[in-house]
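Please go over the structures that come below.
Next come two complexes built around subunit A: one with subunit B, the other with subunit C.
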Partner chain A sequence: MIDELGWVSGALALLSLLLVCTLAGRRVTLARAERRRLGAEERLRPLALALVDGGSVPLPPLTAHDSRALAVVLARYARQVNGAALAYIGDFFEGHGHVARELSRLEDRRAWRRASAAHALGGMASERAIPVLLKALADPDRDVAAAAARSLGRLRALEAVEPLVYALVDGRLPRAVSAQGLLSIGPEAVPRLRDLLAEAPAQVAAFAVDLIGLLGDATNAPELTVLLRDTSAEVRAHAARALGRLGAEEAADELRRALDDRIPFVRVNAAHALGAIGDVSAAPALARQARMDGFDPAEAAARALVRVSPQVLEAVAAEPGNWPHLDQAVDLARIQA
Partner chain B sequence: MTDNGQPLILIADDDPDILALVSFRLQKAGYEIVQARNGEEAVQAALERRPDLAILDVMMPRVDGYEATRRLRQHEETKRMPVILLTARVQEDDIARGFDAGADDYVKKPFSPQELGSRVQAVLGRR
Partner chain C sequence: MSVLEHALVVFSLISFGYFVLLNAVYLVFTGIAWRRVTYYRRARQFSGADEAFASPLTPPVSILLPAFNEEAGIVESVRSLLALRFPELEVIVINDGSTDGTLRRLADGFDLAPIRKATRTTLPTAPIRGSYASRKHRELWVIDKENGGKADALNAGVNAARYPYFCAVDADAILEPDALLHVAKPILDDPDVVVATGGIVRIANGCRIEHGQVVDVALPRSRLATLQVVEYLRAFLVGRMGWSRLGCLLIISGAFGVFQRSLVAVAGGYSTTTVGEDVELVVRLHRYLRERGEAYRIQFVPDPVAWTEVPEDLGSLARQRRRWQRGLAEALWRHKVVTLNPRYGVFGLFAVPSFFLIELVGPVIELIGYPSVIAGAALGYLSLTFLVAFSVVAILVGAVLSVAALALEEFNFRRYKRGREAARLVAMSLVENLGYRQLATLWRVLALVDVARRRGGWGEVRRRGLGYAPARGASRGR
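What follows is the complex of A and B.
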């Protein structure tokens, strides 16, 4: 019995040693591959810069590894530039067959290859990829659809605005992925988002409002202000939040009115927005909300008072029978002073 | 201005791709370049080399573009040096923050290298 145990422990020790050696070997191989990749990218950067700057540059013969490294550098530049430089990058990927190859990989029956192709197309600045990636948003595999959403954002595809907002709402894709795709499209997405305000269901409109708050500017404030009187509480709440983000001072009257909304989370967002705008005339209404309302709206109002009027906040907190949120807000105001 | 009469441009960005791209474009347009990888290095390089213009990324480690601009404005040697901010942040208060810090212009990412070259020329021409 003891002999058998000795054999078993010896075998286990040998197995562990083999495993450690394999892991160490793997680590060395990966580190070497990474160094080789970084070396190739550094070596090929001048060529990539010449391509981005001027378009038609005679390419020296490249190994498959170097060709991949050049594509990686150019894909990185595709995220950073626009105008003629972006068009030159697109021409390179089209002209050297990269786009055609990835488009055909997007038809592959294996999901991981389709996802990899959808991912790669996002860095190729090719208009031709947009309709195919829009189709890939409905791919049965979630990874493929997510890669397509990310790439449509990187390609700044305006056609993707509506499907991405719907994907955000119905949860077909991880929300972070759809939202990142939309944010990558940038302020050019705002007109399409405005179209959704009139036509789409309330939940979709609410997300569109949120995105206008992130991507828009002061010129969008009037239409968001109107939405503070929408029949959907979700739309009203998101409109208040967006107006706060835009710092829309002209919406202050309507936001003060929204402090009396019958839905608590609308009152929460209205208070936050008034705080972000710094509307001093809202101080009495915020003080009342901070003392009398339910916990969430009261806490939001106290936080808003930190920015709007620390003096009013101190006075309210000094009154007897207050909740701890007012003391916390006073502490915050003192720290920020 | 350098010894051979070319304007000297300071470029600060923590992203080596952007640093290389902007340097390449401006060198091609006939400018001399000095590079920095964060705001602290940028201020130091500006005080040592006295460039004719600085292009600063907003989001940099240690000292960001706003703070670097503010520091440049505090030194006699660099307080009149034009500064262009390169920014991925496009909300109005971010832009206002840049101008408050003392920037002369801003270019938002993604950007056109050719347009950046024209902005540099325009800002230098205004001096």
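What follows is the complex of A and C.
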């Protein structure tokens, strides 16, 4: 037994030593690699800028390391430029085999490699990557799907609108990522989002409404106003919020009606929207909600009243009774004036 | 053999069995943690924290900062919270009947004005004396209430919070600018499933702090504090990561955790009758959600950092550790119905019994084990050579586990940039088992005595404030 313990001790001591040596070795290697990477990026930045500016810059022969470093710099620029500059970047990635390489890595057995490839393709401005990334949205690994969603947003792939909204609702993708992917596509996504309003399940329609509120404009207000009478409370609430974001004054009547909705969070959103629109005629209804409703709708109504009519707010808060939300709103308006 | 001799032999065997079991669990957890943290590091580049920051769809968060006699560092702490990167947040400081100048410092630092704040009355609390809003920062509120303890202050914060999620932060903690974004990320990604998340707490002693931010990470000069750095890394990166992976995270540090407000309110808020209100709340949430058969996740995230001071003297450290152990014991005892109860799944069948065995019974076995094994060897029932060889193995196993935790940190986060600091951490992890571990075990056993004798209280907390560097004093972080 003692002999065995001796062996175990020896093995443990060796393991400790090995771990310590690995730590020290890795520290040195990483520091060297970092210095090399920074040096290469610094050296290649003028070349990258020339490529973005003119496109047809003759490239000097690059080592594999330098080619990767240049790709990193260009992928960074790809997120900030549009039009011809983006096309030049796309040509570089396509012409130097980066797109082909990442597409093949998207078939890798290891999930993190697939995710890394899906992520990289988003910065390569390549239309060719879109169908493959759409397929990757269904990858069993969530990170791969998330990276694909982000890249589809960066590539402004309109075909991705519907799958991204569905993935956002059914939880297959991280919500923040899929939502931002959709927002990155921009206002061009609005017609496809409108298509989802009619026939999609309520949750999908609710998110489509939310996104229209963020990406759309005043022309979308009429169809959103109709949705304030939808059978789904979620759709009604999101429609109210979207109308507030769009500043849709023509929806004021319907929003005032929504203050009487039986669902509290619809009333909360309707109050916020009326505050955002600045609908003075809503002041009495908001004052009533701030006095009589539950905590959240009352708070929302009092805050809206500050924006809609500070005079009405002062007057109703001064009436006899205990109106905590109105009192708070009055005090806030006073100190923030 | 006499009864005493039999008892010695039996207890020695129990001690050895416990040693093997404990280290087997730690080894398995180290393996799980390696896998998870490595995966997390790789996935971080695809995690989309920047998207969440930019997204108008990210839900807002209320930050709750309970403060009792925190005049030394309260302004710095609030400044660090106001500087957090998050699309929409409010900071609610709850002055829990401080007898020093906490409220005055806040009023001077942030130009406070009295306000009649509307708050819910869902959770009962000590009376509210007044509320204040800042003229400089629209998102800052101060609730001034009569003293009722940290849990009571947090409950007042939950009542006052406006947003659907709240983040509880200790007054002596400094959050990194991205910390809230990262710790809330699992909730933002899966709001229907993730109900609470906790981040890692790291040690601020020795770090350079300017304007409420850690600007240079360094090890403390004090050996005692450096030993705690190793201990924290092991506890968070290995322990919490492992439990989180199993879906049984029992502890979200009181210094830094995000919760769904409506769930905490409906579950009864923080308990005011325990010193371990953070553990108790998490155990209660597990119990509440499992009893209702709801799908949920309580998750640990390894890189959003809250920096906190740790004690640099043995007296303060002993008081802190005894308080933590008392809190854990009270929480486990209060929810003992969960133990070995199949209704609670892996949480009841494995996690809670493991905590009972490893955290409560374990220290007692360990503490009695040392003298009984030595007595057994002295009386000739155990071979002295065997005892020495076993002790060497025990120390080396501890060292390997600690060095593995350091390696996890070094491979994935590499916060300590200077080579000599990494070397110092390795040295500390090698000597940690020679004295420090035994002392910590003694404090934990004494805490159980406190529980049995119903002795409570938070103990004295001394503080210089995080505006000073290197900082000294005691911490409430766990």
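Heads up, the rule we're going with is that the second predicted complex is superposed on the first by the 298 of 337 C-alpha atoms of A that agree within 3 Å, B and C clash if a C-alpha of one lies under 4 Å from a C-alpha of the other, contacts with A are read in each partner's own complex, and residues count from 1 in each chain.
The working rule: a residue touches a chain if its C-beta (ideal position, glycine included) is under 8 Å from a C-beta of that chain, and two chains touch if they have at least 3 such contacts.
Remember, predicted model here, so these are calculated numbers, not experimental data.
Colleague: So, does A:W112 touch the first partner subunit B, the second partner subunit C, both, or neither?
Modeller: Touch status of A:W112: second partner only.
Colleague: Classify the contacts of A:R26 with the two partner chains as first (subunit B alone), second (subunit C alone), both, or neither.
Modeller: second
Colleague: Can you tell me whether subunit B or subunit C touches more residues on subunit A?
Modeller: C
Colleague: Between subunit B (first) and subunit C (second), which does A:G97 come into contact with in this model arrangement: first, second, both, or neither?
Modeller: So A:G97 meets neither subunit B nor subunit C here.
Colleague: Using the touch definition from the top, say if A:S9 reaches subunit B (first), subunit C (second), both or neither.
Modeller: It touches subunit C, and subunit B stays clear.
Colleague: Report for A:F295: first if it touches subunit B alone, second if subunit C alone, otherwise both or neither.
Modeller: second
Colleague: Once the shared chain is lined up, is A:V52 touching subunit B (first), subunit C (second), both, or neither of them?
Modeller: First partner only, subunit B.
Colleague: One more residue to check, A:A85. First (subunit B), second (subunit C), both or neither?
Modeller: first
Colleague: If I apply the document's touch criterion, which positions on subunit A are contacted by subunit B in one structure and by subunit C in the other?
Modeller: none
Colleague: Report the residues of subunit A in contact with subunit C in the complex, numbered from low to high.
Modeller: 1-2, 5-6, 8-9, 12-13, 15-16, 19-20, 22-24, 26-27, 30, 112, 115-116, 118-119, 143, 146-147, 150, 171, 174-177, 179-181, 183, 210, 214, 295, 298-299, 302, 324-325, 327-328, 331-332, 335-336
Colleague: So in the complex, the part of subunit A that touches subunit B is made up of which residues?
Modeller: Contact set of subunit A toward subunit B: 45-46, 49, 52-53, 73, 76-77, 79-86, 186-187, 217-218, 245-247.
Colleague: Name, in rising order, each residue of subunit B that touches subunit A in their complex.
Modeller: Within the complex, subunit B contacts subunit A at residues 15, 17-18, 20-21, 24-25, 28, 90-93, 109-115.
Colleague: For the complex, give me every residue of subunit C touching subunit A.
Modeller: 39, 42-43, 45-48, 51-52, 54-58, 113-120, 133, 135, 138, 162, 185, 188-193, 383, 385-386, 389-390, 392-393, 396-397, 399-400, 403-404, 406-407, 410-411, 414, 419, 422, 426, 430
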